[in-house]
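Structure provided below as C-alpha cells; questions to follow.
Going by the order they are written in, the chains are A, B, C and D; count residues from 1 in each one.
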Amino acid sequence: MNYSPEVLQRFDLPQADGVFPDETEGVVRGEAEDRSLGIWVRFDVRVHEGLIRAVRFHLYGCPHAIAAASLICERLEDQPARSLSAIDLQVVADSIDLPVEKYGKLLKIEDALLECWRSLGDSRATSEPGNSRHPGEAKDS
Amino acid sequence: MSARPLYLDNAATTAVDPAVIAAMTDCLGSDGNFENPSSSHAGGARARQLVEDARERVAALVNAAPNGIVFTSGATESNNLAILGSFDADPRARQHFVTTRIEHHSVLDTAHALQIRDVEVTLLDCDAEGIVTAGQVLDAITDATVLVSIMHVNNEIGVIQDIEAIARTCASRGVRLHVDAAQSAGKIPVDLSGWGVDLCSLTAHKAHGPKGIGALYVAGGVTLAPQLHGGEQERGLRAGTLATHQIVGMGKTFELARPERDGPRLAKLRDMLWRGLGEIDGIRLNGSRDRSAPHILNVCLPGIEGESLRLALADIAVSAGSACASDDPEPSHVLSSLGLSDALAQSSLRLSVGRFTKPADIEWAVERIGAEVARLRALANGAPAWCST
Amino acid sequence: MSARPLYLDNAATTAVDPAVIAAMTDCLGSDGNFENPSSSHAGGARARQLVEDARERVAALVNAAPNGIVFTSGATESNNLAILGSFDADPRARQHFVTTRIEHHSVLDTAHALQIRDVEVTLLDCDAEGIVTAGQVLDAITDATVLVSIMHVNNEIGVIQDIEAIARTCASRGVRLHVDAAQSAGKIPVDLSGWGVDLCSLTAHKAHGPKGIGALYVAGGVTLAPQLHGGEQERGLRAGTLATHQIVGMGKTFELARPERDGPRLAKLRDMLWRGLGEIDGIRLNGSRDRSAPHILNVCLPGIEGESLRLALADIAVSAGSACASDDPEPSHVLSSLGLSDALAQSSLRLSVGRFTKPADIEWAVERIGAEVARLRALANGAPAWCST
Amino acid sequence: MNYSPEVLQRFDLPQADGVFPDETEGVVRGEAEDRSLGIWVRFDVRVHEGLIRAVRFHLYGCPHAIAAASLICERLEDQPARSLSAIDLQVVADSIDLPVEKYGKLLKIEDALLECWRSLGDSRATSEPGNSRHPGEAKDS
C-alpha cells in the first residue's frame, strides 16, 4: 500500500484525536462502525453559538480512515454546525488519494458526523423546546 | 524516515551472507567459472565439479545422499515437482492426496490443481497451536493415497511438525511422504535419511543464500515424472541450463548453516523479543510455545487494526500474514486455521530473526512496538469488542 | 595446459558483464536490496520497483509491453510454459502442434510430452541450409492447430528464421505463434509487437547475463495455464519468490545489449574466423551463409574424427553438437536435419563469439585449428571415404 | 570425457605414426575399419630376422584409439614377429583406462595387427615357399 504525504502526516500526528474533559459543555457525540469494513469511529463535537469550536475523534481502522477523520476535524473547526451534515466526501477522498475500495469507510465516517448533527438537534430540542430541527442553522440565521 | 528499517522479516527472505556472495561472484565474470556445466570442454567440466561440490554440501546439511539432490529454481518449484511429479508417475486410476490446511500456497495451490484433475484431496486441520499429528495422517490414508505432504516448519507461525513420527506412519502404510523444509533447513536439524522421508523441498534464500535456487531431495527408488522438459540435466528430472553461481551459492549457504549453533542463537533473540513484547497488555502468541522454529515469533495485538499497525511500524520490516502474499488483503489462512477471527488475524505480526539480527535490534523493536501499540490503542479507545476479539 | 582456454562457446553461455555483476551484487547483501519483492514493507517495495524497472528494460529490447513480460528461470522454462500453458488453456478436444525438427530440446521434448497426451505433432523439416518457410507453416496448420512454435535463431548453426513472415501466416489463420528467441535477443533486432508474435522465450545467459533467469513474453489477450502453482507473482502466471538479483541482472543485460552495435561487431569477428578457416581444405559451412546470426559459425571438417578434434582443440572452448547436451555422444539432431552423415556431424564444430572476444583471439584460433586439422589429417592419411563423407 | 595422462601424451605425440619410405623392404601392412564404431587403422610393420624392427600406423578415430595404437607400436618394437598375433588387449586397455564402450575399437586394432601377421606369413610363403604358416616364429626357432 502506498500512502500520500497527506495520509502519512495525519497518521503520524492525527489532529484532534482524543476526548474533551468530562465537564466540557455543548459536546455532542456521534458513532458508527462496520465490522466487515474494519472501522469504528466516534466524534465528539463542541458547538457554541452555532459554530463548531472543536472536534475530537477516536477511531479503529486503517491509515486512510485515520487520515480522513483527522482531515475532517481540521476542516470543521470554526465552521457552522450544519457543516456536520454537509461534508463533501469527494473532496476528502481526493485530498488523501483514497483508494476506491476504501470508500465505504468514508461513508461510515460521514454516518458518525451525521449522528453528531442529529444529536445536536436533539440536545437543542431538549434544552430549547420549540426550536427548529436544525438548531445550528436556526441559531445562525 | 531516512534510516533503513530494522529487518525482522527473515522468514520472508534473508540477506545473503558475504561468503556466499563471494562464492557466487566467482562464477560470473570472464575470470570466473562462468561456463556452462553441460559443456564438454575444460571450463564446463570445472563448472560441473563446482555443481557437484555444492550438491554434496546441500545433501550433508539434511543428511541425504548427494545423488538424491535435484536443483530447482526454489522451494515453490520443488513442491510442484514433488507433488505433480508423484501423481504423474503413479499408475492408479483413483488417486488421493493428503496435506494440511496450513501448508505454503505452493502446496495448497498444487493440491487445488490436483482436485481439478479429479484427485481426491484431504486437508488436515491443525489444533489451536498449529500442530498436526501422525494419528491424523494415519486416519486420512486410504488405498488410493499417492502422497502425503506435510511441512516441517510453518512459515507463518514457526510451528514444527513431528516429521519423524509422520514418516514412520507413512512408511507403515507404504505411502510416499513429501516434506516442505523451506523454513527449517539450517535452523533446526533435518535428518532425511534417518527419518525415512521420500521427498523434501529446500530453498537457499531463507538461510542467507540467494533467491531463485532450491532443491528437491528424491530418495533412492522414488520415481517422479519431470515437470520441465528438455535436457538431461539433473538426471532428466529438471531441464534447463544449470545456474552455476546460484547452485554454488546454495552450496555455500548450506555449508555455512549450522543448526546446532545458529538455532540456539536465534532462539535466544526470539525469546528476548517475546519477553519484551509480553509486557504489552493482551498480547498473544500465535502458534506453539514449545514446538517452534527458533527464528519465528508470531504475535497477536488485539485491538489494533492490521494496516495501521503495519504503517505505524514502517521502520521495522515485519510481515503480517504470509510473506509470499502479503500484499493480499485476505487474512492469513494459517491464522484462520488456528481459530483466529479475521480481526485478530489482521492484528497479528510475524517477527523473524536472522544471522544479522543483534540483541540491540530486539531492544529497539520492543520499545517501538510498545509505543505504537499504546498510541493506536489510545486512538481506538472505546472501540467495540469485535475490534479485539 | 595451464593457460585458460580461449572461449569461443558464447552460444552455450557467456561471461557475465561486469556492469551486470555489479547490479546483481547490489541486490544480495544486508546493505543491498535483498528484500522479498512480495513483502509489503519499504524494502519489499524497493525490490518490487527494481523488478519493474528490469521488466521495462527487457521489454524495451524486444519491443514489447512491459506487462507482457513474465520472469521465469530461463528459456527452458519459458518454452515449457508457452507450449504446455497454451495447450492446457485450449478447450479443443483435438489439438495439434506445429514446430520444426531443429528446435532446442526444450521445445522438442515438450512436443514429445504433448504427443504422449495424444496431441498431434507436426515436425517441419528444414532445407539444407536450415531454413523453414512460412509456406511450410501454412501447409501444416489445420483446424486443430493450437500453437506454432518456431525458433528465431538456431543455437547450433545460427540460422535466422523469417519470423515476420511466419507471424503473418499464423495471424492469417488465427493461430497462436510462439518464438524461441533465446539466441537472438541482443544480437539481432527482435520486434515482437511489430511482428505480431504471441509468445516469446528469452534468456539472460546467452547475452552476458546470469544463468537461471529468463522471461516469457505473453501478448495481450493471450491466455495461458500456469505451470507452477502457488503464489500471485507474475500475474499468477509463474509462482515463486522473485529472485531480485537475477531479474535485475537480466534487466541490466538487456539494457546493455545493442543489436545494432553488437551484431555488426560480432559478425566481423565471425567473418574473420570464416575467412581464416576457409583456407582449410574441404571445410564446409553448416547452415546458411546469408541468414545467420552474427555470433555463430558452425563448420564441418571432413576427415577428422569428432572426439579427437575436440581433444586436439582443448585449448579452445568450442562446442560440437548442441551445447546443452554436448556430453551426449549422439550426433546433433540439427546437423542431421541438414542432411549431414553421422561422421560429418561429428566432425563439425560450433564456434561462437561474444562481447569479450578479441580479433587476436580469432587469429590464434585460426592458426591452432589449422595446425591440428593438418596433424590429424596426416594421421588419418589413407582413410576410406566414409571418414570424410 | 576424461583422458588419462597415458592417453593425452600419446594423443599429442603419437609414437610411430606415419609410413616408411617407399623403398623400405620387409614391410607388411594390415588394415581394419568399422564405420559404426568410427575407426579405421592401418599398420605398416617392418620385420627383419624374425624381429619387429619398426611399426608405423595411420588412424582415423578417437583419442583412445590413437593412444592404443601408439602404445602397441611402442611395445612391439624389437619383439618377435609372433607378438603381432598375441597382443594382450586387457593390458592395453588397462594402461590407457579405456572406457568399456570403446572396447570394440581395440578389437579393430587387433584385427589390423593380425592382418599384418597373416601378410607376413603370406609374404614369406611367397618369397620362401615351403615355410611354416608362422614365418616369424619359424624363423626364430
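FYI, a contact is a pair of C-beta atoms (placed from the backbone, for glycine too) under 8 Å apart; a residue touches a chain by one contact, two chains touch by 3 or more.
No experiment lies behind these values; they were computed from the predicted model shown.
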Graph separation of subunit A and subunit D (steps between touching chains): 3
Computed distance of Cα centres, subunit B from subunit A, in Å: 46
Subunit B and subunit C: spacing of chain centres that average the CA atoms, whole Å: 34
Geometric centre distance via CA averages, subunit C-subunit A, whole Å: 63
Two or more partner chains touched - positions in subunit D: 1
Residues of subunit C engaged with two or more neighbouring chains: 40
Pairwise touch network: line, ring, star, complete, or other: line
Full enumeration of touching chain pairs: A-B, B-C, C-D
Partner subunit C, residues of subunit D touching it in the complex: 1, 3, 8, 11, 14, 17-19, 33, 35, 38, 40, 42, 58-63, 66
In the complex with subunit A, residue positions of subunit B that touch it: 303, 305-308, 311-312, 343, 346, 378-384, 386-387
In the complex with subunit C, residue positions of subunit B that touch it: 1, 4-5, 7, 9, 12-16, 18, 20-21, 24-25, 28-30, 32, 34-36, 38-44, 73-74, 76-77, 79-80, 104-110, 112-113, 203, 205, 210-213, 227-232, 239-246, 310, 314, 317-320, 323-328, 356
